[in-house]
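To keep things simple, chains are lettered A, B and C as they appear, and every chain counts its residues starting from 1.
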Amino acid sequence: MFFGIEWDTSSQWAFAISIFPILLHGLVVTLQATVVGFFIALALGLVLAALKSAPTRIIRWPAKLVTEFIRDTPLLIQLFFLFYVLPEFGLTLPAFLTGALALGVQYSAYTSEVYRAGLEAVAKGQREAARALNLASSRTFTHIILPQAIPRIIPALGNYLVSIMKDVPVLSVVTVLEMLGVAKIIGDRTGGYLIPLSMVGGLYLVMTLIASFGVRYLDTHLPKRGLSLK
Amino acid sequence: MEWTSYLAPLSQGAWVTVQLTVYSTILGGLCAFVFGLGKLSHNPLLKGFSVAYIEIFRGTSLLVQLFWIYFALPIMGQAIGLDLRFPPVVAGVVALALNIGAYGAEVVRGAVQAVPKEQYEAATALNFTSRKRLWRITLPQAIPEMMPTFGNLAVQNLKDTALVSLISLGDLAFRAEQIRNFTQDSVTVYTLVLFMYFGMALVLTACMKLLERYVGRWRAAGR
Amino acid sequence: MNDATNTRDPIIKFDKVVKRFGDHVVLDELDFEVQRGEKVTIIGPSGSGKSTVLRILMTLEEINDGVVYVGGEPLWHQRKGDSLAPASEQHLRQMRSQLGMVFQQFNLFPHMTVLRNLTEAPVQVLGVSKAEARKRGMELLEMVGLTDQANKYPHQLSGGQQQRVGIARALAMRPKVMLFDEPTSALDPELVGEVLNVIRSLADEHDLTMLLVTHEMHFARQVSDRICFFDQGRIKEQGKPEEIFTAPKEERTRAFLKAVLDPDD
């Protein structure tokens, strides 16, 4: 029994059908962790990107080092670090939030690069043209650079959203009951790993298929010449 | 306990991590070429199999794949009368290699397709067989283009090896968890381990850059 | 028709060949013959199917209908009893060995030295020994005047030099027919002459059949035995260079020649 739902081991089909709603409970947690982690990554990435383009080297350099450090170390270790170390500093978060935070930290390294690359891809000429027209630099950024950078940034961020979703199972090690963790527990208790684990694989395929379809839709339907921010 | 006393067991774990990374990266590179070229094949069976492999391993989570190979495959083997129980190290290397290989296969496919079609035409005009055209003309031009992304994938693979600790393989992440359990000194242990992974990643990146420079000789400087 | 086509044994023959790209008909039931050793230049407006003729011969484009013969054998088909079946790769490779092609964009292998560009195919395809291939390669480089560039890479050469290597590379396979697809169109004007000189020296070889597509009318007149004016996927007019250039019969030919020869009018 799990989440108050009994499983039926009378036959393989009955087993699969009976654990499906249990897995869906896990799926909801997976999606929640994905979304929360993604938003943390978006925000932290923005901070890192801003620091990395700071005018002084004293800020730029450490920011680059931190990004590199985050990107080159495993999510699992970062998760353990946050899970065991934060409480020692008096910050005890629920496992779910710690997990989402770890995802957000790990992927902030990637999103910060997406922001930077997206802004740089907007031709340098655009910036020069704006300067030639004597636009204020803040206005150049909000009215010229940003509208053209966003259509490039969004699909790349979408790809990382899918990656985050695929990394959520790591959170099961700190007792977050996401889909894979749930399937593993069902397997531990019944000895039948094959069906729950295969179902999780299948559900993941469906989700990534839908997600990559969405990303492709965004990629082809966002106006390449720039968004109107009005 | 002194933090220096952690170093011996952690180095043991790090050595396992290094071995896992090397084996699975090489095996993954092999998968990348086989299935990346398979996806471009005109043989529908080979092409279909390659596409299915790439979609399945890119479309699901590495941890799901690892657990499936370690926990679920033996049960399936039982059902069809085969012993598919693998020791953790084999399951770990296979899962890592298949996973990174699927991402690599898309890199291989992209780089091969990016070779200008004029090069195929020139090779055809000189009457190369399709196999020799691939080995002599296409791949030498495509491989240098793959290398930067392969470098990133290798580092990704190094990080991913941490997950095999979850099927009780004694790598760096596993040792760290053991020591933390024993000493409760989580700050020191995990800080140390993070820096060890960072160091290994830097070394691996340097190695991949060397390899990149080596195969870069095949590239035309003019293009 | 002129006397060249009266010979019984053409090395190249197009028999009612149709080539379409989508709805666009590039070759419209084309009949076309080239005799052994003949030097033929194809001229005509862009889109008239000139390059397509060469690309079909080099097996880079398939045909939609008709039959192409090279040396009396069907190129895109195999004889099966009395009927013709689509050619196998093996048949295509056998047929291709008679042909060499020089491309507009040179298409040298960028990852190989100049000499390697000349030896790779002889060694890998014909099974010639490396030493022999190198010897022949150096002879060819001497012929095109590039012996001192043997160990450079293509990108270190000028366009004219690259195209001369391109010609030598095709010759290294000892083809019976050389196809030149606008060999000087991608070159800066001052580099055109050196490439034309090499082609001109080839034109003196009796056995070699040459099929050229070019916009260099003056040059075409010098080296060709016959000029074919292509328009809308067919040969509109053909004949000896003097006839075509001095007294074209067709209005279309006259208009085309006027446009390319005195573009300022």
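Quick notes
Simple rule for what comes next: contacts are C-beta pairs under 8 Å (C-beta built on N, C-alpha and C of every residue); 3 or more make two chains touch, one makes a residue touch a chain.
All values reported here derive from a predicted model rather than from experimental measurement.
Arrangement of the chains shown, judged by which pairs touch: a linear chain-to-chain path with two open ends. Set against the Cα centre of chain A, the chain with the most distant centre is C.
In whole angstrom, the spacing between the mean C-alpha positions of chain B and chain C is 47. Centre-to-centre, using mean CA coordinates, chain A is 22 Å away from chain B. A separation of 56 Å divides the Cα centre of chain A from that of chain C. Across the interface of their complex, chain C is touched by residues 118-119, 121-122, 124-130, 132, 136-137, 140-141, 218-223 of chain B. In the complex of the two chains, the chain A residues touching chain B come out as 69, 71-78, 80-81, 84-85, 88, 165-170, 172-173, 180, 184, 187, 192-194, 197-198, 200-201, 204-205, 208-209.
On the side of chain C, the complex with chain B involves touching residues 58-60, 89, 93, 96-97, 99-101, 103, 105, 107-111, 120-121, 124-125, 153-156, 169-170, 173. Per the touch definition, chain B reaches chain A in the complex via residues 55-56, 58-65, 67-68, 71-72, 75-76, 79, 155, 159-163, 165-166, 173, 176-177, 180, 186-187, 190-191, 193-194, 197-198, 201-202, 205.
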